[in-house]
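Shared between the two complexes below is subunit A, which pairs with subunit B and subunit C, respectively.
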Partner chain A sequence: MISIYVRRKIQDPGVFKMLFLSLGLFVSIFLIGTMIIALVGGLGIKELLTDVFNKDLLLSPILIRYTVIISLISLALMINVASGFTNLGGEGQITLGMLGLLLASIYLPDLSIGLVISLLLIFIWQMIPYILKIYRDVSDVLTSFIMNFIALFMINHIVTYVFRGDIARPRSPPINEKLSLHYVSGDNFLSLLFSRVSIESIVTLLIFIILLYIVLLRHRIGYSIRMIGYSVKTASLSGVKIPIYMIISVMISSLLLSIASAEMLLGGERRIYYNDYAKIGMSSMSFGLGYTALGIALLSNGRSYLILIYSYLLSIGYMIVFTSYGYFRLILGTAVIGLSLLSALLTDLLLRYEVKISWSQRR
Partner chain B sequence: MFIELDKINKFFGDYKALDNVSMYFRSGEIVSILGENGAGKTTLLNIVYGLYRPDSGIISIDGERLRYITPRYSINKGIFLVQQFPRLIETMTGLENLVLLLNERREDVRKLLDEYSDRFKIYVDYNKKVSDMTLIERQKLYTLMSLIQNAKMILLDEPNTLLTNDLEYINFLRRFSREHEGGVVICSHKIKAVLDISDRIYIMRRGRVLKEYRSVSKEYYDEILDIMFGHNSDTSTVYKSVEKSNRDEEISREFSKDLFKTKDLVVRDDIGAIDLSVKRGEIVSIVTIAGRGDKELFNVLAGLTHPLKGSIVYDGEDITKKPTYERISRGILYIPDNRLEIINPRYKIRELLGLWKINSSGVVCIDKMNVVYRSLESQISELSGGNITRLLISIILCTKPHLVISHNIFNGLDQRGYAHALKIIRDLRQERMSFLMILNDYEEALEISDRIYVLNEEGSKEISIEKARLEPKILWRELVS
Partner chain C sequence: MVPETLILQIIGMGAVLIYSLLGEIISERSGIVNLSIEGSIAFSAATSYAITIAYHNPLIGLLFGVLSGIIPSIFMTLTSVYMPLNMIVSGIVFSSIFSAASIVVGNSVPRLPQERLVFINENTTLMIIFLSAVSSAIVLKLFIGRRIGLLIRSAGEDPYSAYSLGINPWRIRMFGLIFSGAMGGLTGSLLTLSPMISMIWRENITAGTGFIIVAVTPSTLWDPIIAIFIGIFFGSIPLISIYLQTSGMMFSAELASLLPYLIALSLYIIFRIVLAKRSGLVPRALGKEIVLEERYE
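What follows is the complex of A and B.
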């Protein structure tokens, strides 16, 4: 008889142990998967890897861009999760952030004004489900999910009827050039790597990885935010000023999402497109970044440094999907995304739980 | 049913929680395991129920020899564990929880609950939300669930208030073992209560069984105290100092103003108005039967819910509608009876101290309360129930609030911890700190209070503490009236 015994470990594993195991798991799963695909006759593995990893660098500019964007969204959702708000509306909020930039582009063309409007729109969109959860016990999962649809349908309506920039297809006019991010220029190694992602995004990401690590795990602000996440009643009895910490956590999350939306819009085609996926019954909304980022946020368990590595692994999958020219790559890319989440899950399981598998132990 | 444990050992890291423990439990008998906090009682029950696996040793159940068992196996055999903090879904009612646990239709579960309540004479308002239930009510609900599932052996982990103050439950345990041929195993540190009810007693200390009493008599009290703690002198010394400090403070208190006051406070439809007051440097208790408005009163006093009527005045200001954090920032500290409502078990001790803005002095306070912990990086879930209570009292020591409002503050403390907590509270009282204690154990209330109120269906009523100490029956009569 097989019996599996799982028990939570009392001690927390160290940073390096977590990173090492996570990477090790991913690489081994990825290699085994690739070998199997190659053996059963999969084509273009070599070309695919070259596309993704930019020859031998493991860090192509587009891979770095995806990693930064997914990391920013995951960090934003991580602080939501820590404060007890399971935010399923990340993508809708990013689109709202883009709307903020579009409004600024039309009426007050300035990047900082655009970012402020984005931040406020995202803030409002996050606060509604969060307040309903804390004060009315309404499911945050449900309300943030519904709010996601509302945002996406609203943006579709706006780019179709209100601010349509093209007669042929529903999409916004291009964003004013005054709203631009800054990129590394020149012919050096850095510009080769960071040519597709803005300095603003990289700096924000690095600052917030360190800041959130300190704040969430080492500072009273973080203890208070996490206490709300554990239980509103416990937080109240511990003297936590719940409204203040709700605002702080949502503010940080909104800021990160507004930077992510600026990166996606201004570093891409500079137009908001009609979102074909925002139809009830479709399997996903836009590219599914919000949900995968939420997966990373949940698995990182408040450890911001893990976000970077999980996002990097996931980005590999996304790159394969986005640069796909056939179903094989699409399937492989999706499989890699799955593998990344699986390796994150296994890391979490192996490091924080004691697992024993035994055979016929009974006498 | 016959359960035998043979040379059970259990390690947590380097720490030996159980050291060659051998015991047996059988149907028709109430067996108690006495020991101080951290003696290994809960670990032992968890092994018998299958939550932990022993590192070595044999568990025999009705002759079947096993190296370990699983909770599913235990349930199939009719072994049930009623935990100190039963794990139920807080946002659901008791009935809804049981619908989920028993996987039966709502109406069927309701019928079963009514039937078993009548048969075993244990009553719980199962339509209440679990978050509104006291620990005692949760333990009773779990007991009922066990009975519905045909329990043959009930393991009770620290049912302290049930044993000391709930006659209904005590009678149930006696009937269950004698009339229904069921077995009961009680883990506790309440020596007097255990002596009243048990057929056999094991004494544990630091993971080892020190003695087995095959017959039980109240005369063993001092001897048991000695075995449990090594000596009992500190306990009596504390009691004497408590009495002395009572007399010293009496005169100054008479002239001080009320620090805290409730006026016509109604917390539940079926309970009358509550009028009580607390002066600076005073310890006031309000004694209730569990589930008769104690939880609701605590929630209202803490600002977690609004009263149906009436007002609360603190330091001359009406705080009835003030949120909890504002009350705390004005110097009130709240301790609920369920410790998990004020402590996140996944927090490290360092994080908990940080949350309460306690700096390096925290270690001094924790040491003063004799909290047993590995390091400040230890998770709170590592601590035993008694140690968590000590940790909470050390927060009082460090933060020095003006008023502490608590619900069963001594929950989980063993005899030594209780005596020590009494001393600390008395010392804090000398520093003009006030305490309002909602207690289900009237003996505790008599021991510690300067003034005492009783809460029954008619509302609150102040009882003369001197009379009540001479004749505790007065208190009991008022409680059940």
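What follows is the complex of A and C.
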């Protein structure tokens, strides 16, 4: 009979062990899974590898654009995770951020106003499951997850009936040109790498990687936020003002998500599209990044600098998805979400627990 | 005047949901929130469709559908019962992977309307499916009060005390999960094989049914008899909204699609808040992994 024994480790894992183990698992699970699906789906491995692992693609502006977007979303979800809120509602929150920009585009066409509206919408949407979890012990995962569907169907209703920009097909009108991000231009090295991602997104990402590293791991605010994550009761008894730290963490998360949604909408086709059946994954406006970014947030374990490495690897995964076509793209897109979360789970298991699998004759 | 077809469709769809609700109730009574039921439903819908097309026999399709629904549960057992991984995230993982797999399986056969599960005629078949769902609920209700039911509840209430009394809570949770997977498999198979529900398999045929099931399970108070009414209620929402649209009422299809999620979420929150004050109704170890340090030695 096979026996599995699991024991909790007392000490926290070191940075290098965490980095190597998580990277190894992430790459291997991701590649093995994608290749199995590629083979089953009829796409040749050689073709897949040639498409993906070529020099031009690995440093291409589109890959860097996705790395930045995934990093922003992962940072946002990382601070949620640190404060004890497993936010599976990233998908819906990103599309709500886009709605905020659309509202600003129609009524008050200004980028900063658009960002403020989208920040507020995301903030309200995030606070609902978080408050319910902290004060009523309602599952944050389940609540935030179901709120995704509500947000997506609501956006579908809005682009069909409220702000329809096209008679032929339901989609929003194009975003006003006054709401535009700034991009590196000219014929230089920087534009070769960063021509597809806005300066605002890059600057925000760099600031928050440093800021969150200091705040979460080396500052009293971070200790308080993490204490709420470990135990609300202990935090309350220790004198931590829970509502204030809840607002701080959700505000930072909402800000990062609003920048990410601005990058996706304003750097893309500048319209919000109708999402058939409110599908989550490749066919949605946010490409299923809400889930994959949560995998990265769990993997990084509060260390913001690790997010850049994981996001780059995941972006390569998305390139695999983009090289495919038809229903095969849908399969890969859905599997990418599952595989990235699976690698996060297994890394967590191996880092925090001792696992022994043995074969015994007796029960 | 409500047409007879609509009533039959509500009965058929209600029966389909009752099966997966019963599965989720048993799983949650044993302490596991089985979110992979969405993967079970999607995968079994595709499998039963492909097998029925290949063998021209809906009964074989149904059998394979039920068996394929168990596969995500076996993976869930490994990660959430025998290893202490977050069961909600594990559920999303296996739902995603098996939803992807379902697209592979469903597209492996030509997209044709397959043979239906028909006994005597379509109406009688729907009634048989519904009555068997109701009788399953009654049988489960009786079992919950018996020894096997108490064993399941012990794993969901206090697995550590159960272990000290010589009960194996891991095995009980495994049973709960596999039962839930099989019921999810039955739901998925009936989504494609049952008459008058959907005419052909397509991607996203489940439309998040598994997630709705997980969200509405607390509102059943983990009671199989209440599950019958909840199943019929949630089965009727999309069908009534389609009926209202086709009968000329100005009604947003998007808002109608949103309604089950909104109601499920509201019910979940209300019941969770209300039940938290009443001890004994919510399984105390629900969603909590079992880690026994001494098992290691």
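Just so we're on the same page, the second predicted complex is superposed on the first by the 257 of 363 C-alpha atoms of A that agree within 3 Å, B and C clash if a C-alpha of one lies under 4 Å from a C-alpha of the other, contacts with A are read in each partner's own complex, and residues count from 1 in each chain.
One rule holds in what follows: a residue touches a chain if its C-beta (ideal position, glycine included) is under 8 Å from a C-beta of that chain, and two chains touch if they have at least 3 such contacts.
Since the structure is predicted, the reported quantities are computational estimates derived from the model, not experimental observations.
When both complexes are overlaid on chain A, the residue A:Arg220 reaches subunit B alone and has no touch with subunit C. When both complexes are overlaid on chain A, the residue A:Asp137 reaches subunit B and subunit C alike.
Once chain A of one complex is fitted onto chain A of the other, the partner contacts of A:Ser238 are limited to subunit B, with no touch recorded for subunit C. By the touch criterion defined above, A:Tyr161 lies against subunit C but remains apart from subunit B after alignment on the C-alpha atoms of chain A.
In the superposition on chain A, A:Asp348 contacts subunit C only, with no contact to subunit B. Legend: residue contacts after superposition of the two complexes on their common chain; A:Tyr230 is shown touching subunit B, with no touch to subunit C. Considering which of subunit B and subunit C touches more of subunit A, the answer is C.
Once the two complexes are overlaid on chain A, the subunit A residues touched by subunit B in the first and by subunit C in the second are 5, 137. Subunit C contributes residues 33, 79, 82-86, 88-90, 92-97, 99-100, 103-104, 107, 203-204, 207-208, 211, 214-215, 252, 254-255, 257-258, 261-262, 264-265, 268-269, 272-273, 276, 287, 291, 293, 295-296 to its touches with subunit A in the complex. For subunit A in complex with subunit B, the touching residues are 3, 5, 10-12, 137, 219-220, 223-224, 226-227, 230-231, 233-234, 236-242, 361-363. Of all residues in subunit A, those touching subunit C in their complex are 4-8, 33, 37, 40-41, 86, 88, 132, 136-139, 141-143, 145-147, 149-150, 153-154, 156-157, 160-161, 276-279, 291, 294, 298, 327, 330-332, 334-335, 337-339, 341-342, 344-346, 348-349, 353-356. Within the complex formed with subunit A, the residues of subunit B that make contact are 12, 53, 65-68, 70, 91, 131, 302-304, 323-325, 328-329, 334, 336, 340-344, 346-347, 351-352, 354-357, 377-379, 381-382.
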